[in-house]
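Worksheet: the structure to be examined is printed underneath.
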Amino acid sequence: MSFESEFAAELAWPEYYRRVKNGDVPILIPFGSMEQHGHHMPMNVDVLLPTEFARRVAQEVGGLVAPPFTYGYKSHQKSGGGNFFPGTTSLDGASLISSLKDVIKEFARHGNRKLCIVNGHFENSWFISEAIDLALRELKWGGITEIKIVVLSYWDFVDQEAIAKLYPNGFLGWDIEHGGVLETSLMLRLYPDLVSLQDAVEHPPASFPPYDVYPPHEDWTPSCGTLSSPKEASAEKGDILLDVCTRGIVGALEHEFGAKVRTKLAQFA
Amino acid sequence: MSFESEFAAELAWPEYYRRVKNGDVPILIPFGSMEQHGHHMPMNVDVLLPTEFARRVAQEVGGLVAPPFTYGYKSHQKSGGGNFFPGTTSLDGASLISSLKDVIKEFARHGNRKLCIVNGHFENSWFISEAIDLALRELKWGGITEIKIVVLSYWDFVDQEAIAKLYPNGFLGWDIEHGGVLETSLMLRLYPDLVSLQDAVEHPPASFPPYDVYPPHEDWTPSCGTLSSPKEASAEKGDILLDVCTRGIVGALEHEFGAKVRTKLAQFA
Amino acid sequence: MSFESEFAAELAWPEYYRRVKNGDVPILIPFGSMEQHGHHMPMNVDVLLPTEFARRVAQEVGGLVAPPFTYGYKSHQKSGGGNFFPGTTSLDGASLISSLKDVIKEFARHGNRKLCIVNGHFENSWFISEAIDLALRELKWGGITEIKIVVLSYWDFVDQEAIAKLYPNGFLGWDIEHGGVLETSLMLRLYPDLVSLQDAVEHPPASFPPYDVYPPHEDWTPSCGTLSSPKEASAEKGDILLDVCTRGIVGALEHEFGAKVRTKLAQFA
Amino acid sequence: MSFESEFAAELAWPEYYRRVKNGDVPILIPFGSMEQHGHHMPMNVDVLLPTEFARRVAQEVGGLVAPPFTYGYKSHQKSGGGNFFPGTTSLDGASLISSLKDVIKEFARHGNRKLCIVNGHFENSWFISEAIDLALRELKWGGITEIKIVVLSYWDFVDQEAIAKLYPNGFLGWDIEHGGVLETSLMLRLYPDLVSLQDAVEHPPASFPPYDVYPPHEDWTPSCGTLSSPKEASAEKGDILLDVCTRGIVGALEHEFGAKVRTKLAQFA
Amino acid sequence: MSFESEFAAELAWPEYYRRVKNGDVPILIPFGSMEQHGHHMPMNVDVLLPTEFARRVAQEVGGLVAPPFTYGYKSHQKSGGGNFFPGTTSLDGASLISSLKDVIKEFARHGNRKLCIVNGHFENSWFISEAIDLALRELKWGGITEIKIVVLSYWDFVDQEAIAKLYPNGFLGWDIEHGGVLETSLMLRLYPDLVSLQDAVEHPPASFPPYDVYPPHEDWTPSCGTLSSPKEASAEKGDILLDVCTRGIVGALEHEFGAKVRTKLAQFA
Amino acid sequence: MSFESEFAAELAWPEYYRRVKNGDVPILIPFGSMEQHGHHMPMNVDVLLPTEFARRVAQEVGGLVAPPFTYGYKSHQKSGGGNFFPGTTSLDGASLISSLKDVIKEFARHGNRKLCIVNGHFENSWFISEAIDLALRELKWGGITEIKIVVLSYWDFVDQEAIAKLYPNGFLGWDIEHGGVLETSLMLRLYPDLVSLQDAVEHPPASFPPYDVYPPHEDWTPSCGTLSSPKEASAEKGDILLDVCTRGIVGALEHEFGAKVRTKLAQFA
């Protein structure tokens, strides 16, 4: 039995319940997508990365990682290339909202009061917010009001110091980091077998006019699917990212969820 | 790059597209749940098992495995113990239906015409059917009519011969096999580190009256959560199950999807 | 005025309210379908039979029968022939769920606390469960928590002794009893004018592979629409079924709803 | 077998299909409610009356009557007393809309192209219209455009001549005819055993201000639930109503559905 | 800053909150549509008129006018010409219901307990009722039960005396007043620049059979889009209407919302 | 009659139809919200500004402005202060999505093929995208595929040159421009009577951690509701903004909608 696992679903229910019933253990829910990430990376990047961040953070704060959502909201042209690529496999907003709402309410039913959605796919953001708003509304109707939910996207914890190291030639914004240095460096460090940097296509950063068009002009997106070149990615940069984001998220959860969270997993042993 | 992977989301999109665009490669979509499985097994059994069956079948028929759905429909008392257990984390029917509907339509958009839902959680069954019916309806509205979708639960391929070996003292039906010999044997064979047979609770097979009550009488379910004792489970029985179910599913897909399916993965190398 | 009627909707509201306001009178809600039942039976079998069982049980336990739902969920190939037959007229899952949810909540508003859904169409089962789950959730939000709802399909009360009499040549399972001996015998006993046994088509029991395909292979279903031959049906077998199922359901309701339920209708006279 | 039945669900499917497959036979769908109708009438008046009108019209025009919808939209204070009465059992608008939409689409799938919704409960009206609009939209998406659907409430066919006979002391409008002379006379003629005129409460016609309030002021509704006194009702007036409404509806369907409709049921014998 | 404005959205939030926080100030929510109104009037008549009535009433009772809903339910042939006209731009019932439900709940969150929906488009009526029913249900789940909501259509306050002046040659019912004397007179008085009476088409009053058909027979509607001639409209009649309707609505709100409502806006100065 | 109006709903339908029937006239749909904008501005800023931009652009490109949506998605803490302020009156995501979807489909029914959503409230963005995606899907099902929809938020057209003039002391990002220099300058120029700059609260720019919390920490938002001080706003800066944004939007529409769009309104005179 995986008494040491940080993955909630790898525990038997009595052990899970022993940990969570008083509501102090943070539950981290990774939310990803199946989305093209260029010629050099697989389509589960947005699942693998937030799941690994969630695992590292859970280790630090004594939390548990819920099963990841493996499909997310439709890829947007300016942040993911667009939903017209083969392979990109997306949910309508309503499906994402209702599924996450259900899962939040179930974790609350178990006794959890400290949840954290760890987002790995930018386009999920607003639908995650809506899911949380609806879940809190229904939980309140059912008499549960003391719950707290943190939402974050791991890249938002990259600070200026890290950016300077990662992008010595200048940073062009997270929006076009789709399949670029950020994600590729993390994958190179964590899942090198799934990356084939030599297949990456070098191209200038994507640039878009200040509006969207539907159906999208497919030719606005570089044909390879990435929005900036990953050629400068490296496992070393992955280490920088792992460090700064993990530390940042741990700090956020400690701040929001309080001293009890600091209890390490060791205490459960 | 995982050119050899059977997992669609481990491919880069150009390789994925190369394989699927003519519609002949079966896409296998595992549908699981996060559900208590007694004191001796983790709560992701219903994800791990159909995903592994899907992977083995994909190897045989040259198919690809889609990312699994990690949450499923509410546990029913007579087949999963009931949705009141801590840890069991379920979706409303509407969430399951709309999410799977979306994903089916997306795979069809990519060009796929041969899909197979590999179910690992009995309670998903009818909502999967509804999702498929709605997806086919909308695909038809969009002009796609030639698609074929097979739905199966792996245990339905266990034949009488295997049952005789697995249950020498008599078989009491799949309904109470929750956390019992079937699932435990497969987990012992595939994920022994996640099983702790010594923690299993021995108890007589659950027996229920011929009706349901809501809210459920929690004391109808054995308090450990399994519906029959897993004590007779073994890795050897896991082999029997792996063999009979994999062969059965492969046969079904070859029958339904035709000769082209037999093309082994090797052809893509 | 039908003071003696077991049908709630045949009462004037003051009499109805006099009976139900303290919450002790069971309300039985028949849920049927409009579905083909072969060449020898009408398409309202699944409405007529649960309504008649509900009426008989209501007489025994002092209950009231709500108006039946006359349309149900889509016919499934392995239990009802499939939803492609002309005449079969079905609801989407969402329609069934929301309609039944509404009706349960309305009966609770009247003061009822003991409900029983009497199902006559197998395919309704899971959507009935979902409707109840959602209704109980919303009732709880509105402050009503003490309600109890029994769900049953009448055929589940046929015991081994009855099966031995009904199927002297062996029983092949309820799944293929669509339009077969069970339903035909009951109809012959209760509504002989609606049965034309000479038009029944004799055919071997339907047999299906252990998976489903969508769109369904129509030729998997016997072209007449029944899944087993009704030739051995008889009014006498209908009596056996009426007796065993009525007794079984009465027993279940007495067990679940307690002594007060035993009060016969006579007390209202 | 009821080859002569006007009720579609009393036919076996081959006979049903023989009649409807060319799309010329009108399908009449009664839509009712379970609603209090005062102290003297049962709560299924709004089901019984449109079903009987549908049956009579079907006889005249060679049509078929679909199973009635037995629950309808919430009772409105000014036309049904209000939805706060015990016994009144209503659907949310969304449930009515989606259920009727489904049924219309199913009848279209069978080949029917001439449908008529026969409404028996005023409050259903707008939700029936919405259901039809959505059904026609989806049928169009599926390639079916030539369908025609008539919607009517039987009382709208009472002409001035009949009104003069029915209300010799002056007519106050259909809005307050809830449980009054119209419905009571029809019930006295058709279902006298379900009427207890001596229990009717005599009261002046309900009068309401020109606005609505929610939650409703319950004391705006006469406490007995009717909106006008049924004391002047009689079976003879029921005959007048049966005649004028049946003739009117038959005329409407002949006008809308054309000559082929006139084919009497006899032709099927 | 518009401290004197009757329009809630023209206030800064602190001033708004100062007024509404004790729940005594009526909030008037105009609900309109974008709908053709013949050759002589613009398509926002159903927004402009209820908004102006709401403003006048708000002045009298010390209320505030919420932003109007600018789109409404589908035009019905017998009251608005039908939804097939170019320009008429309508919502599905579900969209109207959920939007208004949301807005009602938000105003209740601010502390408001006295709401009034001022309807300007007949077809909205039943969907407004449903929205209110659902909003009150959810507010009750959230613990807010003391709220009161008045719904009205301004034309329902025209009394017999006014009708005699407006229609000296006889009144044919509000149903065919679409684009006729009522609306045109009001527009001539309030927005003369938006009316071009010389472009109005004179035609006999529309007359319809006592049933509806879908898809509608477009030729049942006068081709200009109005249902009765506006030729007898005048600004003077507009004054009569403004007076009788404003007085009526003010009286209704004073009656329903009590003495505190009478406090004039002056008190806020 | 306002033959010269840029507002579609101020036209009579024949004139509207004359203009739009060939599909070349852009329809601009403003989407706003009712949201607090600090102590110095009204709560309809997000309606007034996009409506005025739409009007100016329509004049330039010969387009028409649809009625604005007056309610929008829930205010987010980091871009609008949060949805807990009194006065802020918001829709659930589903309501926004379905309402806009309906309206887009209706304009397409009239013949329009060039639509532009002019957004005035950041939080609407993703739900607008979803509405468009669903509308295009359904339009495609109905056979309309050649439609093009541009989505924009006016502030995205402010270029670096303008930013240098507007924020001589440095620009902190659009995210905290809620109620700040941007919106206040535009309002001072366009609706000075609705602005009370002396009531504005001076405060340092809001700064937020890189995550969200639900329920929100209300004290993260400056208590006045703005996210940056509007003290440096001026009507002159409003002129700069009007100029750069109008020119930008006109250019975008000319680019996307082609030469025919350049036809000035004059041609309709």
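Read from first to last, the chains carry the letters A, B, C, D, E and F; within each, the first residue is number 1.
Heads up, the rule we're going with is that a residue touches a chain if its C-beta (ideal position, glycine included) is under 8 Å from a C-beta of that chain, and two chains touch if they have at least 3 such contacts.
None of the values given here were measured: they were computed from a predicted structure.
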| item | value |
| --- | --- |
| Intersection of contact partners for subunit E and subunit F | A, D |
| Turn needed to bring subunit B onto subunit E - CA fit, degrees, nearest 5 | 180 |
| Interface sides of subunit C and subunit D: same vs different residues, half threshold | same |
| Centroid distance [mean C-alpha coordinates] between subunit D and subunit B, Å | 47 |
| Interchain centroid distance [CA atoms averaged], subunit D/subunit E, Å | 30 |
| For subunit E, residues contacting two or more additional chains | 92, 94, 141 |
| Touch-based graph of the chains, sorted into line, ring, star, complete or other | other |
| Every chain pair in contact, whichever chains are involved | A-B, A-C, A-E, A-F, B-C, B-D, B-F, C-D, C-E, D-E, D-F, E-F |
| Residues of subunit C touching subunit A in the complex | 137, 140-141 |
| Subunit D - residues contacting subunit C, complex | 1-2, 5, 7-14, 16-17, 20-21, 34, 36-44, 47, 66-71, 85-92, 94-96, 98-99, 101-103, 106-107, 109-111, 193-196, 199, 225 |
| Subunit C partner contacts - residues on subunit A that touch it in the complex | 138, 141-142 |
| Subunit D - residues contacting subunit E, complex | 73-74, 76, 83, 92-94, 97, 123, 125-127, 129-130, 132-134, 136, 148-152, 156-157, 209-215, 248-249, 252, 255-256 |
